[in-house]
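Both complexes shown next keep subunit A, but they swap its partner, so subunit B is in the first and subunit C is in the second.
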Partner chain A sequence: MNDVLEKPVDTHKIREILNANDGARIKTWLSICSRCGLCAESCFFYLTNNRDPRFSPAYKFKSTLAEMYRRKGNVDRDFLRKCYDIIWGECTTCRRCSMYCPFGIDIATMISTARTVCQSQGVVPDGLERTSVNYRETGNQMGMSTDDFLDTCSWMEEETGEELTGLTIPIDKKGAKYMYCLNAREPMYYPQDIGMAAKIFTVAEEDWTMSSTGWEATNLAMYAGDRALAGQVVKNMYEKAVELGVQNIAITECGHAFRSAAFEGPYFAGYAGGKPPVAVVHSVQLFYEYLRDGRIKIDPDKMLTEPVTYQDPCNVSRNGGLWEEGRKLTAFLAKDFREMTPNREHNHCCGGGGGFIPMGPEFKKRRMISGRLKADQIRATGAKIVIAPCHNCYDQINDLNKEYNLGVKVLSFKEIICETMIVPDKFKPVEGDDEE
Partner chain B sequence: MDDLYAFLIGPALWVAFIVFLGGLCLRVAFLYGLSKDRDKVIYNHADMSWGVRSIFHWLIPWGSVSMRNQPVFTLMFFLFHICLFAVPLFLLAHNMMWQEAFGISLPSMSDGTADILTIVFLVSFVFLLARRMVRPEVRILTTAWDYTLLLLTGIPFVTGFLAYHQVGDYKTLLILHILFAELLLIVIPFSKLAHIILFFFSRAFIGFEFGGRRGARTW
Partner chain C sequence: MATVEFKGKSFDVDEDGFISSFDQWNPEWVEYVKASEGISELTEEHWKVIHVLQDYYRKHGIAPMVRILTKVTGYKLKYIYELFPSGPGKGACKMAGLPKPTGCV
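Right, the complex of A and B next:
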């Protein structure tokens, strides 16, 4: 990003973005904020940075987006550089502050708008910019080719098929009930995640499919502030789902992918009515339904006996509405469950959201400082296992585990379900089969 | 001085009321029009039940987690707002004037009650002012205009209280009282004080957005 700091600022473009976003909500929010300061205590950045008032949510939008409007877009590189530190380095757009503001001001939306302004000038974290290049070229954040993806799927089908007879990973199956969409890190680095999902779908006897394109559910362009690209990313997925005529899009255990696909995507992609063309379901909901309806049964002898806590990913709980489903699902799997405080929709961000994890080493120190709150929360539960149905929470809590010596193991629901579920005999491989 | 007084309770008062009510109506109408064009997200997910609860829980003291986390501030904050509304609306002297001018009036409180509420108001006023100056997270946000607006809410109370109790020059105090109250009315539609009406809209929206779309409580 450093080379763009030399380029002149295109204030015309900035004004254009500011005008396009200058609706009733932003006008109202900017004008009625009464500077009461109640938002400060809601923010984990504020709480973990010695209550430095510069970390309060109100200060963050006042010194960025509000200032852009006040100067009518006439800002310089220095200003944008300062904004960069605040809007990417001090906010994960977790939206907790909106619940603590007397006026319900949606500060995260304003921070996102400020990100769009900065992004238009090339001021964007390198880690996110790299994923944008990949999204443009390949439709997924890892830059994985379709061939590599399909190879990974068939490799997983083969490998997991040895454990579960009849397991298949259908590709582009028309009219399936669920089109299962992924985080590109899964085929790239954690292919066993695909295998585990396939096992769960197989045992649940689900009518599911993966898709050869549009399988990427993450949308880091949303966090980079590149709304046009963010729209393209979700469009790839929506259009593929419509083309295949599937009934639902199922999202892997990733938080922001769900936020993008179910809530913000339709706006980025310009769908009237603000709803995706195909219903979107998160894994937490889907897995919970499997267990609730007895489609998957858990072996009581294999249930987790160690103390377990549940990390409410912001984009699954507060911004996804699935905090109870997450708990009910956990109850099927663990005998000793312990709540963090606060929890459910009032949970704190782990510090890995809003693009922080892919933003990489440049932001790691801040991520560890702000993550202290989550580390303390986890430690206070005495849990040995943290369930995190979100890739960013997963990575962040693993980092916090090392940084703060928490001595915990981070697991996804997929991992636990695969370890504990009862596999009906018909799926059990016949002994001696592999000697053929 | 009598001319000034006559002007203030005559034409100036009309102007103040018209600007206050007209200004608020225009502002709401303008924002409504703008929202139809640029804020479709409000209407796409409108859910009255969530909207109403989102408003209601912030209208009752300690009705939200945020308020319960700051109990003393909440107490002062509610006393401030309740007195700011109740004293001018239900003061006997004001109602007598309305009765005279328009032939209608609201129920009124005794002067003793008004005195107590005024003192309660001033206590909360001093608390909020001190909080602004002392708490770093509030001070850093506060501008000269915030202090001005806060003072503008306080001056009519102080001058009215002193005038009623005949402390200082009655006529001067009364003129200042009316002048500043009118200024306050005129400023409301064009400042953050427009939250007296916009509060309901912004709270309803966040109720739709969190509750209607996700079932999350914003209180």
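Right, the complex of A and C next:
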């Protein structure tokens, strides 16, 4: 990014973005904030940085987006560089402050708009920009080719099929009930996640499919502020779902992928109604339904006996509405459940959301400082296992585990379900002579 | 960025614990990080994975997907996890001196 800091600022372009967003909402928000300070106490950055007023959400939008409007877009590179630190380095757009604002000001939306302004001038974290290049070239954040993706799926079908008879990973099956969409890290670096999902779908006897294109559910372009690209990414998925005529899109255990696919994506893609063309379901909901309806049964002798706590991912719980489903699902799997405080929609961000982890090492130190609150929350539960149905929470809590010596193990629901579910005889592989 | 000294060698290490430049890699680095990656003793199999990762990185400038790693080494996924408990994406790449992969990892 450093070389772009030399280029002149395109204030015309900035004004264009500001004008396009200058609707009733932002106008109202900018004028009604009374600096009451309630948002400050809700923000984990503020709480972990000595209650420095510069970390209060109101200060963050006041010194960035509000200032852009006040100066009618006539800002310089120094100003954009200062914004960069605040909007990417001091806010994960977790939206907790919006809940505590007595006027309901959606500060995260304003921070996102400020990100769009900065991104338009090339001011964006390198780690996110690298994923944008990949999204543009291949449709997924890791630049994986279609051949490589399909090869990984068929390999996982083969390797996991040795453990579960009848397991298949269907590709592009028309009219399936669910099109299961992923985070590119799964086929690229954690292919076992695909194998585990296939096991769960097989035992639940689900009518599901993966898709040869449009399988990428993540949308880091959303966090980079590149709304046009974010729209393209999510459109790839929507259009594939429509082409295949599937009934639902199911999203892997990723938080921001759900936020993108279910809530923000339709707007990025330019769908006036604000609804995705096909219903979007998160894994937490889907897996809960399998257990609730008895399609998957858990072996009581295999249930987790160590103390367990549940990390409410911001984009699954507060922004996705699934906090009770997460708990009910956990109750099927764990005997000793301990709540973090606060919890459910009030839970704090893991400290690694909003693109913080893919933004790279440049931001690691801050991520560990702001994550201290989450580390304290986890430690206070006495839990030995943290369930995190979001890759980002998962990685951040693993990092916090090392940084703060929490002594916990982080698990996804997939991992626990695969270890604890009763596999009906018909799916059990027949012991062959060669396995003696 | 911090500098690590180990057995007479010096490494610039980023905040995620990856060496900042592949050129700085040498076998002492693997010795240095193995304990934090949960490995007690290095075997030929570990070195085979490390060398495959490095050959691929020299040719393509990125880490290979796990599928390629299993194809070239002939190891099953579970075995790679036995070798590298923190996984092929992070643990093995870190040991091989590759940069942390791009994206949500």
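The working rule: the second predicted complex is superposed on the first by the 432 of 436 C-alpha atoms of A that agree within 3 Å, B and C clash if a C-alpha of one lies under 4 Å from a C-alpha of the other, contacts with A are read in each partner's own complex, and residues count from 1 in each chain.
As a working rule, a residue touches a chain if its C-beta (ideal position, glycine included) is under 8 Å from a C-beta of that chain, and two chains touch if they have at least 3 such contacts.
The structure presented is a predicted model; accordingly, all values stated were derived computationally and were not measured.
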Check your understanding: Touching A:Leu167 in the superposition: subunit B (first), subunit C (second), both, neither?
Key -> neither
Exercise for review: Kindly classify A:Ile17 by the partners it touches after superposition: subunit B alone (first), subunit C alone (second), both, or neither?
Suggested key: neither
Practice item. In the overlay, answer first, second, both or neither for which of subunit B and subunit C A:Pro361 touches. Key: second
Exercise for review: Applying the touch criterion given at the start, work out whether A:Arg25 contacts subunit B, subunit C, both or neither, answering first, second, both or neither.
Suggested key: first
Point to revise | subunit B versus subunit C as contact partner of A:Ile397, first or second or both or neither | key: neither
**Study point:** Partner chain in contact with A:Met144 - subunit B first, subunit C second, else both or neither
**Key:** second
Exercise for review: Could you look at A:Ser56 and tell me whether it touches subunit B, subunit C, both or neither (first, second, both, neither)?
Suggested key: first
Practice item. Identify the partner contact of A:Met188: answer first if only subunit B is touched, second if only subunit C is, both if each is, neither if none is. Key: second
Check your understanding: Which subunit A residues lie in the overlap of the subunit B contact set and the subunit C contact set?
Key -> none
Study note, to complete from the structure: So, in the complex, the side of subunit A touching subunit C is made of residues 127, 130-131, 134, 141-144, 148, 151-152, 155, 159, 183-185, 187-192, 218, 220, 254, 357-358, 360-362, 364-365, 391-392, 395
Check your understanding: How about subunit A: which of its residues touch subunit B in the complex?
Key -> 20-25, 27-29, 31-38, 40-42, 46, 51, 53-54, 56, 58-59, 62, 95, 98-106, 263, 267, 273-275, 317-321, 345-346
Review point. Residues of subunit C touching subunit A in their complex?
Key: 14-16, 18, 62, 65-68, 70, 76-77, 81, 87-90, 100-105
**Study point:** subunit B residues touching subunit A - in the complex, by the definition given at the top
**Key:** 31-32, 34-35, 37-42, 44-45, 54, 58, 64-66, 69-70, 73, 77, 132, 135-143, 146, 191-192, 194-195, 198-199, 201-203, 205-207, 209-210, 213-219
